[in-house]
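Take a look at the structures listed below.
Below are two complexes that have subunit A in common, paired first with subunit B and then with subunit C.
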Partner chain A sequence: MKLLDVHNLKVHYGGVNAVKGIDFHLNAGEIVALVGANGAGKSSTLRAICKLAPHSGKLFFDGKDLAAVKSHDLVRLGIALVPEGRGIFSDSSVEENLLMGAYIHNDAKIKTDLEKIYTLFPRLKERNQQAAGTLSGGEQQMLALGRALMSRPKLLLLDEPSMGLAPLIVKAIFDVLKQIAADGMTIFLVEQNAGLALELSMRGYVMESGNIVLTDSAPALLQNPQIRAAYLGQ
Partner chain B sequence: MVKKILSAYCKLPYCKVISSLLLGLVLLTLPFITDYALGRIWVRILDFSLLYIMLALGLNIVVGFAGLLDLGFVAFFAVGAYSYAILGSPHLGIHLPTWLLLPIGTVLAGFFGILLGTPTLKLRGDYLAIVTLGFGEIIRIFLNNLNAPYNLTGGPQGINLIDPLNFGGISLSQAGWFPAVYNYYYCFLVFVLLIIFTTHRLQYSRIGRAWVAIREDEIAAQAMGINTRNIKLLAFSMGASFGGLGGGLFAGFQGFVSPESFNLMESVMILCMIVLGGMGHIPGVIFGAIVLTVLPEALRYLGPLQNNVFGKILVDPADLRMLVFGMALILVMLLRPAGLWPSPIRKQEFDEAIEDSND
Partner chain C sequence: MDIFLQQLINGLVSGSIYAIVALGYTLVYGILRLINFAHGEIVMLGAMIALSVIGLLTDSGLPGLLIVSLGLLCAIPCCMLIGYLIERIAYRPLRHAPSLTPLITAIGVSIVLQNLAMMIWGKEFISFPPLIDVQYFSISEATINSVQIFIVIVSTLMMTGLNYLVNKTKLGNAMRATAQNAEVAGLMGVNANTIISLTFVIGSALAAVAGMMVTMNYNVAHYDMGFMLGLKAFTAAVLGGIGNLRGAMFGGILLGIIESMGAGYLGTLTNGMFGSNYQDVFAFFTLIGVLIFKPSGLLGKAGGERP
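Then we have the complex of A and B:
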């Protein structure tokens, strides 16, 4: 079953065409990576899905047309975004950040959700009363991820989760993503670090200057000599 | 030593109850003490401090909580004051009762808040500041010029002989047991406590958290499901309505309003109260409002002080007053960049930033 279905998506900022009419989809329970170089249009694609960039084309989520849906209503449908650069609320405490993630909910389950996040990221529990802005980059990424999970999403959109982080921390975060995926979450991963992203994913799309140029299963992409040369430096 | 005593005190049972009782006692007897120690004029300054606390707490919602820099806040104060003045004075011959006048001013100011908020939704930072500054000036200039063709606001002469605050047939200006300034003190105190209670509850509500989220990161806030447009408008109108209430009380207290009272300097002062006190932190904002109301008045004594020390007045105290005041502001911002009394979490961050820059 297709959870997210995108047809002929175009993104244009004034005269610049960042995304030039792409089609792709995500099946429920899949981890799909969108990889490509700087400026290929990956983040623009993600921003368009979240209604944060001017775009045209058709977007369907869970069979529902997203044309009339406002950005802030997406999370109610079950789409959670972990924004690029993490976008945590730095003056609020770690726990307040997580509770903001549950903004659309108002029930007793929030408490158990919070405990779940703390089990996934024990570091966040240690620092739950600390200002989020005082966390390290890796901890902030964990917080952004935890906050997104607090909304109980069906689809998790991640924009460059490895950006600016030490390899060990990136590995820790990707391990958690693996755990979340094993529980049946659908994940759409936008990454520059193609090797890492494809190792985690089941399928992948490769973007180049606004177009999807290649799509295949992730292991096949990892073996593809073109990809190896262009993105994996081998 | 002081810290030790304080922490020992805080361990006592009922320490909170005792503190609240003490605070209540001080607040109740403050006008008597002030009058006895410093004179009647200082009770009046006390009244103004309370008014400014209301305004500062109103602006704090917009600037401190939602992070929307507003340099035209005094416009809402003016709307509240003028609506009270126009509907409760011989100027047009309308004399509505206070219990109607105050809500009208509050709601009208809230409406003006939305009026300002709607076109500025997409603006942030400097750009928003410029538009709000313009808005504040527009209101003031309107008030200054709306004496023709129909004399609505009295123009530059303002409106005189405004009805004093009157609750249940008891006018606060017709001294009962106490002098009028005492009556106004207690009346304002009740409103201030009401506003403190409201802002405090708001801060820890879903709305309060949504405001903070918008301040910190608007895109992330949207991703959390916050309708940023409505929540921003709510901040504008909520803050404005506090300003409007303060304006109504001001008009009833002064008995006279004119456009002069609502210039840009007032907006800047209210903003200073928040920044100096500790943005977004209610006790800090209250403290800042008191300091910035009392300090300029206290500095008037620079003249007599020079007379005592040097035997003559060396520098005109009127000039010196603003100089010392400005220097005091700069010193505070240098020594306590997060404000005089910042919220604990904000202080944490500022300390961290200072440590980082020292590396």
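Then we have the complex of A and C:
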């Protein structure tokens, strides 16, 4: 079943056409990668799904047309975004950030969810009363991911979770993504680091200057000579 | 006679009022990066509405304290509604305009409200009827009266309450999140418009109480009383670090004390050349001083505004 279905999505900032009419979909339970170079339009695509960029086209989530849905209601449908640059609330404490993730919930499960996040990222637990802005980049990425999970999403949108992080931290974060995926979460993973993203994913889309130019299963993309040359440096 | 203690008490009382008004500036600035110059006018409207209700009830035979309370209880929701409408009508359509536009609009709203008040309540001073039996207490050489004690206690309660709301509740967490990054807070399900409206409503409720306190403290109200009070409270907010709640409270009380000490000692210091009527000058010297030496305010972060 298609959880997210996108038809002819265009994003235009004034005169700039950042996304030029793309079609793609995510099946429930899938991990799908969207890879592409700087400026290809990956973030714009995610921001359009989240109603944060001016766009046209059709978006369906869980069979529901998203045309009339406001950005602040998406999380109630089950869509969570870990934005590019993490978007943590730096003056609030780590725990307050996580609790913001659970803003739409009002039940006792918030507490168990919080413990779950602390088990996934023990570093966040050690620093739970610290201002989030004092965390290292890697810890902030963990926090942004943890915060998104606190909303109990059906679809997790990730915008370059590996950006600017040391390989060890990236591995820690991707290990957690693997665990979450094993629990059945649908993940849309936007990455410049194509190798990393495709290794985790089942399928992938390749984006170039606003268009999807290629789509295939992840193993096939990893073997594709064009991809290997352009994105994997081989 | 040493006037130090007396000036300290007076400063504390007026400072408590500045602090409550300064909170209104700082709350709105924290979320919208807007200096709501009309906030002083809400204080004035609070005083005027309360006085009108009190005027109507003066001969009703009800106990004085009850009449005053009823005046305040009417002023609070009226001011909340006015604050809500100002944001809705004047500021919201300009949410994405360059920041000078809403600033000029704020000044415009302030002028409109002032003139409206002049048309409704006239140009005369309106006095606070002697409904309350004011008690005086002496502390060594100084005196403090029951109204002043009331002002300090109510302000402290309101500041504590607001501090709790903003720092310890789910709503407060959402308010702070919205102030830091409205887009991301939206992704967590927070409707920024609701939070912004709420901020105006809370600030206006505080302003209504402040208006009542000013009238009780000086026994009069006037259609342009919001102007100077607003400027001073804004100064207090800048002094503490605008956008910072504790800064506004601290800045308000500090400004009250600076002003009152200045007024008390200016005559002696200048050999009688300047009298206490130069009191207002201190507030603005303080503002200029802060803007030159620590523009981010005493409790503000270095570097001032966050990106």
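Keep this in mind: the second predicted complex is superposed on the first by the 234 of 234 C-alpha atoms of A that agree within 3 Å, B and C clash if a C-alpha of one lies under 4 Å from a C-alpha of the other, contacts with A are read in each partner's own complex, and residues count from 1 in each chain.
Keep in mind that, in the parts below, a residue touches a chain if its C-beta (ideal position, glycine included) is under 8 Å from a C-beta of that chain, and two chains touch if they have at least 3 such contacts.
These figures come from a predicted structure and were not determined experimentally.
**Q** Both complexes share subunit A, so when I overlay them there, do subunit B and subunit C fit or clash?
**A** Clash.
**Q** Thinking of the overlay built on chain A, is A:E126 touched by subunit B (first), by subunit C (second), by both, or by neither?
**A** It touches nothing on subunit B or subunit C.
**Q** Which partner does A:T134 reach: the first (subunit B), the second (subunit C), both, or neither?
**A** first
**Q** Based on the superposed arrangement, let me know which partner A:D65 touches: subunit B (first), subunit C (second), both, or neither?
**A** In the superposed model, A:D65 contacts neither subunit B nor subunit C.
**Q** Please work out whether A:M100 is in contact with subunit B alone, subunit C alone, both, or neither, and reply first, second, both or neither.
**A** So A:M100 meets both subunit B and subunit C here.
**Q** After superposition on the shared chain, which partner residues are touched by A:D91: those of subunit B (first), subunit C (second), both, or neither?
**A** In the superposition, A:D91 contacts both subunit B and subunit C.
**Q** After overlaying the two complexes on chain A, where does the subunit B footprint on subunit A coincide with the subunit C footprint?
**A** Touching subunit B in the first complex and subunit C in the second, residues 50, 52, 70-76, 80-81, 83, 87-92, 96, 99-101, 103-104, 147, 151 of subunit A appear in both lists.
**Q** Quick one: in the complex, what on subunit A touches subunit C?
**A** The contact residues of subunit A facing subunit C are 50, 52, 70-76, 80-81, 83, 87-92, 96, 99-101, 103-104, 147, 151.
**Q** What residues of subunit A sit close enough to touch subunit B in their complex?
**A** Where subunit A meets subunit B, its residues are 50, 52, 70-76, 80-81, 83, 87-93, 96, 99-101, 103-104, 106, 130-131, 133-134, 144, 147-148, 151.
**Q** With touch defined as at the start, can you tell me which subunit C residues reach subunit A in the complex?
**A** Contact set of subunit C toward subunit A: 170, 173-174, 176-177, 180-181, 183-192.
**Q** Contact residues on subunit B for subunit A in the complex?
**A** Contacts found on subunit B: 206, 209-210, 212-213, 215-217, 219-228, 280, 345-346, 348-349, 352.
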